[in-house]
Amino acid sequence: MERVASDYAAVRAQTVALAAPLSAEDSQVQSMADASPTKWHLAHTTWFFEEFVLQEFEPGFTPHDARWRFLFNSYYEAVGPRLARPSRGLMTRPSLDEVHDYRRAVDQRMAKLLASPLPDLARERVVLGLNHEQQHQELLLTDALHLLAQNPLQPTYQDDFENDAASTAGSSWRKFPGGLAPIGAAGEAFSFDNERPRHRVVLEPFALATRLVTQGDFAAFVDAGGYRESRWWLAEGWDWARREAITAPAYWSGEGAARRRFTLGGAQPVQAEAPLAHVSFFEADAYARFADARLPTEQEWEHAALTSAARLDRDAPALHELFGVVWQWTASPYVGYPGYRPAAGAIGEYNGKFMVNQMVLRGSSRFTPEGHSRATYRNFFPATARWQRTGLRLAREG
Amino acid sequence: MERVASDYAAVRAQTVALAAPLSAEDSQVQSMADASPTKWHLAHTTWFFEEFVLQEFEPGFTPHDARWRFLFNSYYEAVGPRLARPSRGLMTRPSLDEVHDYRRAVDQRMAKLLASPLPDLARERVVLGLNHEQQHQELLLTDALHLLAQNPLQPTYQDDFENDAASTAGSSWRKFPGGLAPIGAAGEAFSFDNERPRHRVVLEPFALATRLVTQGDFAAFVDAGGYRESRWWLAEGWDWARREAITAPAYWSGEGAARRRFTLGGAQPVQAEAPLAHVSFFEADAYARFADARLPTEQEWEHAALTSAARLDRDAPALHELFGVVWQWTASPYVGYPGYRPAAGAIGEYNGKFMVNQMVLRGSSRFTPEGHSRATYRNFFPATARWQRTGLRLAREG
Amino acid sequence: MERVASDYAAVRAQTVALAAPLSAEDSQVQSMADASPTKWHLAHTTWFFEEFVLQEFEPGFTPHDARWRFLFNSYYEAVGPRLARPSRGLMTRPSLDEVHDYRRAVDQRMAKLLASPLPDLARERVVLGLNHEQQHQELLLTDALHLLAQNPLQPTYQDDFENDAASTAGSSWRKFPGGLAPIGAAGEAFSFDNERPRHRVVLEPFALATRLVTQGDFAAFVDAGGYRESRWWLAEGWDWARREAITAPAYWSGEGAARRRFTLGGAQPVQAEAPLAHVSFFEADAYARFADARLPTEQEWEHAALTSAARLDRDAPALHELFGVVWQWTASPYVGYPGYRPAAGAIGEYNGKFMVNQMVLRGSSRFTPEGHSRATYRNFFPATARWQRTGLRLAREG
Amino acid sequence: MERVASDYAAVRAQTVALAAPLSAEDSQVQSMADASPTKWHLAHTTWFFEEFVLQEFEPGFTPHDARWRFLFNSYYEAVGPRLARPSRGLMTRPSLDEVHDYRRAVDQRMAKLLASPLPDLARERVVLGLNHEQQHQELLLTDALHLLAQNPLQPTYQDDFENDAASTAGSSWRKFPGGLAPIGAAGEAFSFDNERPRHRVVLEPFALATRLVTQGDFAAFVDAGGYRESRWWLAEGWDWARREAITAPAYWSGEGAARRRFTLGGAQPVQAEAPLAHVSFFEADAYARFADARLPTEQEWEHAALTSAARLDRDAPALHELFGVVWQWTASPYVGYPGYRPAAGAIGEYNGKFMVNQMVLRGSSRFTPEGHSRATYRNFFPATARWQRTGLRLAREG
């Protein structure tokens, strides 16, 4: 079996596995406008392959159900009218079972297609679709967490679902001398269009913390009245926190020793040595100011990650927890790189149309699928988003 | 088996039967803040018996699940804190199956309780609970209709679910001479507290239409630009229709011969001779003014219904469609009758606390359970409500 | 000079006198959507005479400024498009001086018209216009109070503007036997259309408090946690008070001995023996329930006011403070009397189109102009309105 | 007289001159939350000198009125609690005359202070205060324009107030080779803290249009259905335009030859050759995409402005309309430069706390005061702001 066929099978199976602990009821509900139902994630990722691969490359293509094109499109204006995003949770038909049938039917047709040699464009589309599906795997988990957190019964997604391992060592600073640095993806390996083109930037000397900010670090900020002092906050963040009555990270409750956080494994004690998650950019930025530091730019982060991995300077302390723990807010608004051009057609809507009023996050999280992390990856969310696994690493002038 | 026990079994079984065509997904979703999920209706009606009957009258009572008291309470402030109404749809646990288990468990305990002689208060509570459940049976259907109407696939609740039979004859006016008339419930038969005490009112001479306003009547109003002329409308209704872009009854779509309405049996053509449903008080009131008539007061309606039923004047035309077709908006705001006193305790919250900014509807609808209609019954909704089966009958001075 | 001419001169001069303490800046601002700027009151009351009297009855009529018809119309849809109500405060041109010029110009033309014999319809329109202007005189004061209350400097309208004289005696109950009672205006004297037609109602025996509820009475409700206990409140009122964070009457601040209320004479101590003002219907209704009483219906109030004035029962205690202190919330929603028909044309929009979701108030207030009070007068506001001088008198079953 | 004293006198007099055409009524009203009343601009700019200069440097300082500190503070959290921004228009006292008295009193005290040698910090504060006041001079005009535009009478600020001179020549492209470029202010001349520190960036080759986009250019976009095609728009901009029903630049009305725009000189025809103003970032960005171009980054703009001014390449076409016509949206989100540190204390709140969710504009406008323009100046507004004089200049890859 060709690599792309086995990757297809593996990624698709993983989505189903992630959805397995969730009932038909769990899979139906949209707990806020920014989230999507599990059932929708299952269907939309399938729709992607039907719309952008089968429709163009399968001989004698007929749609599984022509009406579903409307239901499971997301933001691709070019494909046609879409269901309003907050209405996703209202579509109780098709049922979860019917959506699983849809997945199986499309998977069979894809398997047949992938069994023969593919044109390059088709292969690129499949790889894009798998990366797209991996993004939705992470969203499936964060959306499920948000949903279960609304329930006073504090139900679990999976009892032993481990969220936060404690860091094994204290934090120190690693210095970087700066200079002209290459930024962005190059070469043949898959990357999203927003990671290109590769280009050079000037970096001033800077330093990065070797560890992530911990839950204990942030609890000290809370206990010091950090949410009640405007001096730590951007003006818009301060207004947001007042308006929304934000006084702690998302999913935290209680005070002092009774402080708990809700996780996919249920309610857990706050763990002082474990990395902080579920803060907004505004909270991350306020904490950094409180700690007499700042957030790194995305270029500093990328340069440091590559340098550190390359072990260029064996005497410097290593950077830990770059990947696989929490997404790390940066000081960088999300814009196109110099010379950035979105792909043509509907696929081109994937990234470029969101390049305003969002902040870049780097790294990857506990919820990010295996193989979906890399140093050039650019995640992005609005400055108020907290339902993702988002934390921070401090930076300062070098 | 005593009457109350057989009534209990029948009403409880009917709720389950009404819910049967709805899947776990359908039963989970709350399609707007005013509606509730089917699962919640199933659980809340059960909670009523657990809270107000078993807890007080079952020896050795222990709750089925103490935490559900919070989840399935509705507006009974006296019982304790409640889940915010718009959050009902977010409770994906307990599952639909667990709620059906809950129903069965409570039904078994109730059956045991009802097998022995009951104190009067307990029996009254059971009867109240059954009437309460019958109200929720109607809401279950109207809420399901609202949910399915959001779905572009236009799914059906039940294919052959008949909504609107055509009226068999044209409308004429029946005159009533007015005078001193008794209003309200008396005697031993069950009634809600808001139907009491019985009292006398002065009625001026009036006339009522013998038939309901039809879909064809209302289509003429729409086609004559009724929604675009302020002169037919109360000021608040006019503003509401502008703000919400209301241009036809709820669930209507299309124009002229292509005009359709969505029903529990799917999309159907508008049927000129069938009764109109799903209009707000504002629309009913505007139509009445357009038709050079007015809405009846609730006292006129009740007096006419009783008089007509008694066949006191055999030469006068009979009033048709008083019950079992659509609820009929009246000109009467919902207030307590002279000397009205709510019952003590949480039960007293049932009706009295809603006596402001609502309009009374009389009669009953196609969705109202058998045996739940009577001439003194007072239904009530805000002037903007349209998701109920609400229509109108014209009145004028006599 | 004929009576109507002298009335015209007196009412018009009184409006100008009431506006005199307010600067051009004060007169410009609309402090909330429900209020209007003083300048607008001055212009709109003038517009009424120009639109409904001069235009129809002045030979060779030409408008003062044709464009102002749009600016100073209020809710008369029949007259044409209107400025959105919340935009009234944005019209900085014409200036206050220009509006006073407008008043003078219309007054001169009206004086000329009134110097000759008038058709009956014209005379009726003038009388209606004067009654309309008197209503705006009261609004001018309540709107100015609301505006000045927003200013942290706590400015005064008039330093010695007395608001609340203490009651001279304690409260007792006066009983009324009920029976068939005539309600509404009859005869030649001016009344608004909503006071007619006169008709009979059945009243059950009832009792009214001889005095208004005082500030001290209500402070006891506040201190007893009345705003924190749902059992006193209508459900919608409870939700409103939570949502708006209402914890005391409008314009009250402070606690205990430091409790103050803002008035047109500046901030004043709460005066235990003086009548309460600036509560909503919801608060009035909640207080009545707390006091083991209820609000009177408007029919009870009218019947009692007429009976008491007629001194039919010299042994019964007299009702005090019926007029000229505060408007008194009743338990009656605002609807048309049996057989009510609005006047034809734009004038007919005056009252009838507001007959939904409002509660009737009876009596009159300290801010009501001389000669504008009568027992049949029906004032009305939504259940949440607090910026009017609104208080209450208790009732109970007789 | 020292330079700073004469500058002080000139800037302060200019503010009064700009306010002179506006009446007390005009000066009072706040036409939206983002705008401020003229009276507030007059008072707040005066408060700045009282708070940050007189209070610290005047011997025996006493405040003009201690309560005004609260009224006229703006966003300086460190100074204490502030009046909610949308409430500025509700403060009808102090009057416009009293605010002018306040200005004169502070000016006399400042004149006395400036007559003697000043500590450096005091002098810096005065210069900052004058630059701050110049910013408010521009806001005073844009806020007045917004206010007058609400009035159906279409009043003018000044009849012959010229807004838009036609460009004298067509547009071409000027190429820049890119490379390492210095960005930001250096040296002794005044600049805001956000223009520092000076640093180097890498610029790829690019080209800038020599002229601004004209009203005619943008009318072609409107006529081509630009507001109805999602492909030109960022996703958030598309949603914004739908939600707010945006179909043309602010202050435009009519179609085709009847197209007009409202200006401080009243309603004027759209002038095809004159520069476009009053578009949001979203509209500017959409237009650029429609024109197969893009917005310049702020670094490209600054580099081009300095290069062009230096006439380094005499064969290249000159850049026109860089300053004094309209502010030019750039593709750059507003963030701090590398190593940026806000000043200490309340003054430090001036710029840094707004560095999120805003876009940078470069150049200056017809409303910008003389001497307040420079190549390193960074103006910033949210992507939806349209009431400023904001237009655009196209860029593309070089």
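Every chain is named by a letter (A, B, C and D) in the order it is written, and numbering of its residues begins at 1.
In the analysis below, a contact is a pair of C-beta atoms (placed from the backbone, for glycine too) under 8 Å apart; a residue touches a chain by one contact, two chains touch by 3 or more.
Note that this is a predicted model, so its numbers are computed, not measured.
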| item | value |
| --- | --- |
| Number of hops, subunit B to subunit D, where each hop joins two touching chains | 2 |
| Interchain centroid distance [CA atoms averaged], subunit A/subunit B, Å | 46 |
| Averaged-CA centre spacing for the pair subunit D and subunit A, given as whole angstrom | 37 |
| CA centroid of subunit A to CA centroid of subunit C, Å | 58 |
| Sequence positions of subunit C contacting 2 or more other chains | none |
| Graph class of chain-chain contacts, one of line, ring, star, complete, other | ring |
| List of subunit B residues in touch with subunit A within their complex | 23-29, 31, 39, 67, 70-71, 83, 87, 89-96, 147-148, 150-153, 155 |
| Partner subunit D, residues of subunit A touching it in the complex | 75, 77-78, 180, 199-202, 204, 230-231, 233-238, 281-282, 285, 297, 331-333, 335-336, 338-339, 353-357, 359, 383, 397 |
